Amino acid sequence: MSGRDAILGAVRRALKRRPDDKVARAAVEARMGAPKRGPIPARAQVGHEAQVDLFEAMAVEQSATLTRVARAEDVPGAVADYLKEHNLPPRLRAAPNPELDALPWDSQPLLTVARGRAEASDETSLTGAFAAVAETGTLMLLSGETAPTTLNFLPDTHIVMLKASEILGPYEDAWDRVRAAYGPGKLPRTVNFITGPSRTADIEQTIQLGAHGPRRLHIVLVEDGPMNRPGNGADDGP
Amino acid sequence: MPQDSPLEAAPAPARVGLFVTCLVDTMRPSVGFAAVKLLEDAGCRVEAPRAQTCCGQPAYNSGDRADTQALARQTVKAFEDFDYVVAPSGSCAAMIREHYPALLADDPAWSARAEQVAARTYELVSFLTDVRGVNAVEARFAGTVTYHDSCSGLRELGIQAQPRQLLATVQGLKLSEMQDSDVCCGFGGTFCVKYPEISNTMVGDKIDCIAKSGARTLLAGDLGCLMNMAGKLKRTGASVETRHVAEVLAGMTDSPAIGEAAKD
Amino acid sequence: MRSTARTFKENAKAAVADPQLRRALDHVKSGFIGKRAKAAARLPEFDALRDAARDIKNHTLDHLDLYLERYEQNVRANGGHVHWCATAEDARAAVLEVCQRVGAKTVTKGKSMISEEIALNDHLEAHGITPIETDLGEYIIQLRHEPPSHIIAPAVHLTKDLIEADFRKEHTQFPEGRSLSEPRDLVDEARQVLRDRFLKADVGITGANFLVAETGASVIVTNEGNGDLTQVLPKVHIVVASLEKIVPNLEDLSTILRVLARSATGQEFSTYTTVSSGPKRAEDPDGPEEYHVILLDNGRTQMLGSEFHEVLRCIRCGACMNHCPVYHAIGGHAYGWVYPGPIGAVLTPALIGVEEAGSLPNASTFCGRCESVCPMRIPLPKLMRHWREREFERHLSPAAVRYGLAAWAFLACRPALYHWLVGLEMRVLGALGRRKGRFAWLPFAGGWTRHRDFPAPQGKTFQALWAERKAGRAP
């Protein structure tokens, strides 16, 4: 008997159920077909502006830093300023993402931008985000052709360009957006929820940033306004 | 000038069966009489049926289900004719209230009887405040006390505010909270003799917290915990006195504190 | 790992006498408890989420066979492989087979309690493959050849001085005079050492906090980022997970995630929550080429449907041990096997036998603090009591305890005899103890009087005095 049959048989014996139990199957199908949300924290169910503010407050509380810029065109300048402020070399490994490619990098002649997955020697990465969850100040990054996962973990500094329109309330809204993009039940290879920079408390319970992943997580927030948000801003608060 | 008497607020007289608990019965009957006074002051008629012995926790917590069930039946039988069952112990009250129904659930002759007794069983102080509506006592106690929350009362019966509420009405008494008042003292029934080193470490931590509170008197609602803490306080030579909260609430603090020599 | 649960009492005795350990354990008390309380208080929905999380797991366990089938189907649709392993031995063999097939020399590992449970490292080493623990705490204890002492803080039993000494001994590539006295120095040095290992590893092994049936994904929740480097850099990603890790869908996952970090470390959310589905896709610039799930039973199906069913809801947050006064006193190693604290006291007898681990469910005062903080509302004291019942039924408890209980129960069930006898006994004890009010020594009470005095009884019993009072008042 295979391990599979042995285990499933043991489970069914323990549950006193036949494999063809129609009621049980229907219950599982229902839950798979129409996932129900559990209690959603009230703090996440606020208007979009409040969600953006909540995202910022929560991310900063988790030791991320955040700069707001008015337009996408301002991102290269904000990135260069951040590197300068932190005495970091003016070099970036950027995700091979057309949206990042389209930014006016010429405006920062001192900044070198390479594209692709992270190499061990890369000090700073720049990526986009798929969404962000205001509830806990959490970024949601999906792997794919334009988003190598190594960029999120190997470099010492991770800079993320996030559009305000990408900020959602609870995790469930982010999953809905993933389902809309990938189809029900389908995910990219990796979904990374990232809340602040890497940390450890393994030595005497004192929190140290930069255990293995990035020591710094910097978010450049493009205030693109609710009008650019899919599904418009009708539910926005005053 | 008319005096505020707890009696005035009390509802109709109730017949209360006092579940004395085996520890109070044997070790410190004065706690039982303090309970009787508090209950009578709250308008209850108190009886202490002689058919009671122990609630069965030592057997229950040792995995001896059959003997526990026998004791549960005995206790149910002894108390089922009372309006209420009241124990000066959160642990024994929780045993009857929270555990008897499950213990006797499979026994058709007893399950309903156990449910009924369980539903009418209370720990003393919470019975006074929550059932009899007592919000003040007439007692004096000069000194600073600290209060330990015994585990079963706290977590199984939700007793935390009630003793503090009544202690606040004792004239001359000042409550100084200790750190970690809700952490187990290490008694745990037979635990303290089965695992003496662990228990000792726990009670050691506890008396450190008691000492830091600056209180001269330690109070709690369960005699097992009190004997454990008093025994450790005495062994280390601490001058803190230990009493059951009922003694202070009843104004009956003439007898020597737990583990203290008689005053003659 | 080899169990020392049988010598729990001796282990505990040594632990409470170890001042270094007691110092280290103070960090558990001072850190975790306040942070969890704060995080819980900050989220008004916290208790409703605990109820919802409990209900999700109950539903899942009640339909476990169907969710496992669905999960497997989706892993395969993602291009991954599921290895169904009934025993620890099966699981070790399955991991080794994958490693050997790809010619692995070194394997990086994210923190995984299942890997500890199946003693994977020893098995790999015995076959010439070097496992490298990359979670900082796990790395430290691997250097010391020790098992973890806590399920989420494996090195919590150590102070920084001990870790410094280990690093100086092991990391001989660095100058001797370097500063290593601060946690920051130690973290930086470990990062430097391990970075190279990440880059060179052939296989990465992680555990899983959850397996999602809806998508065939495995989920890890970490703070360091080591689990992510472990799975994204090598050619092969192996997930070792036990079968109760299943949750139905992403909404259910989200609900349970809301209580996990808050209960564990008191964080609003852990730094990294990573949801992984199969190997890298054709268009992905990075990621593993192979993805394997080792799906382990190892005794879980025996618990399913038994009186221990509810323990299968556990999400391994560690809140029970963080709040356990017994754990605070003795630390994790005294429990003698992989899972310490209250959850260990329930799980270990199920996984290695009550004959071996019978002490663990006994070593609790039933103070109930574990249950009061468990995000999955597992009634841990009740389950420990069930083990005591099994032990008692099978006559495994010590003879002295059994006979003592039998004699006491005989008496307690005969009130008249009981009151006469204890009345006599208390008068004697009361008279003997009257002068001092306490005893420094009593026969048969060595466990008590070794460490504390025994307060003397007042003399007459309540029942005796009550009878006197009633007689006095009789009309």
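First chain written, first letter: the chains are A, B and C, and each begins at residue 1.
By definition in this document, contacts are C-beta pairs under 8 Å (C-beta built on N, C-alpha and C of every residue); 3 or more make two chains touch, one makes a residue touch a chain.
Because the structure is predicted, anything quoted here is derived from the model rather than measured.
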Query raised in the report: Which of line, ring, star, complete or other matches the graph of chains that touch?
Result: line
Query raised in the report: For which pair of chains is the number of C-beta contacts greatest?
Result: A-C
Query raised in the report: Measuring centre to centre with C-alpha atoms, which chain is farthest from subunit A?
Result: B
Query raised in the report: From the C-alpha centre of subunit A to that of subunit B, how far is it in Å?
Result: 53
Query raised in the report: Distance from the CA centroid of subunit A to that of subunit C, rounded to the nearest Å?
Result: 30
Query raised in the report: Got the subunit B residues that touch at least 2 other chains?
Result: none
Report task. Would you mind listing the residues of subunit A that make contact with two or more other chains? Result -> none
Query raised in the report: Inside the complex, what are the residues of subunit C that reach subunit A?
Result: 24, 27-28, 30-32, 43-45, 48-49, 52-53, 56, 59, 62-70, 72, 74, 83-86, 90, 134-137, 140, 153-156, 158-160, 163, 183-184, 186-188, 190-191, 194-195, 198-199, 213-215, 217, 223-226, 228-229, 232-233, 243, 248-252, 254-255, 257-258, 265, 267-281, 283-287, 295, 297, 301-302, 304-306
Report summary line: Note: in the complex, subunit B contacts subunit C through residues 20, 22, 24-30, 32-33, 48, 50-54, 56, 58-65, 67, 70-71, 74, 151-152, 155-156, 182-184, 186-203, 205, 227-228, 230-232, 234-235, 255-256, 258-262
Query raised in the report: Which subunit C residues qualify as touching subunit B in the complex?
Result: 9, 12-13, 16-17, 325-326, 328-330, 362-369, 371-372, 385, 387-393, 397, 401, 405-406, 408-409, 411-413, 415-416, 418-419, 422, 425-426, 434-438, 440, 445-448, 450-458, 460-467
Report task. Please give the residue numbers of subunit A that touch subunit C in the complex, ascending. Result -> 2-4, 6-8, 10-17, 19, 24-25, 27-28, 31-32, 35-43, 58, 61-62, 96, 116-118, 120, 136-138, 143-145, 148-150, 152-154, 170-172, 175, 185-206, 208, 210-214
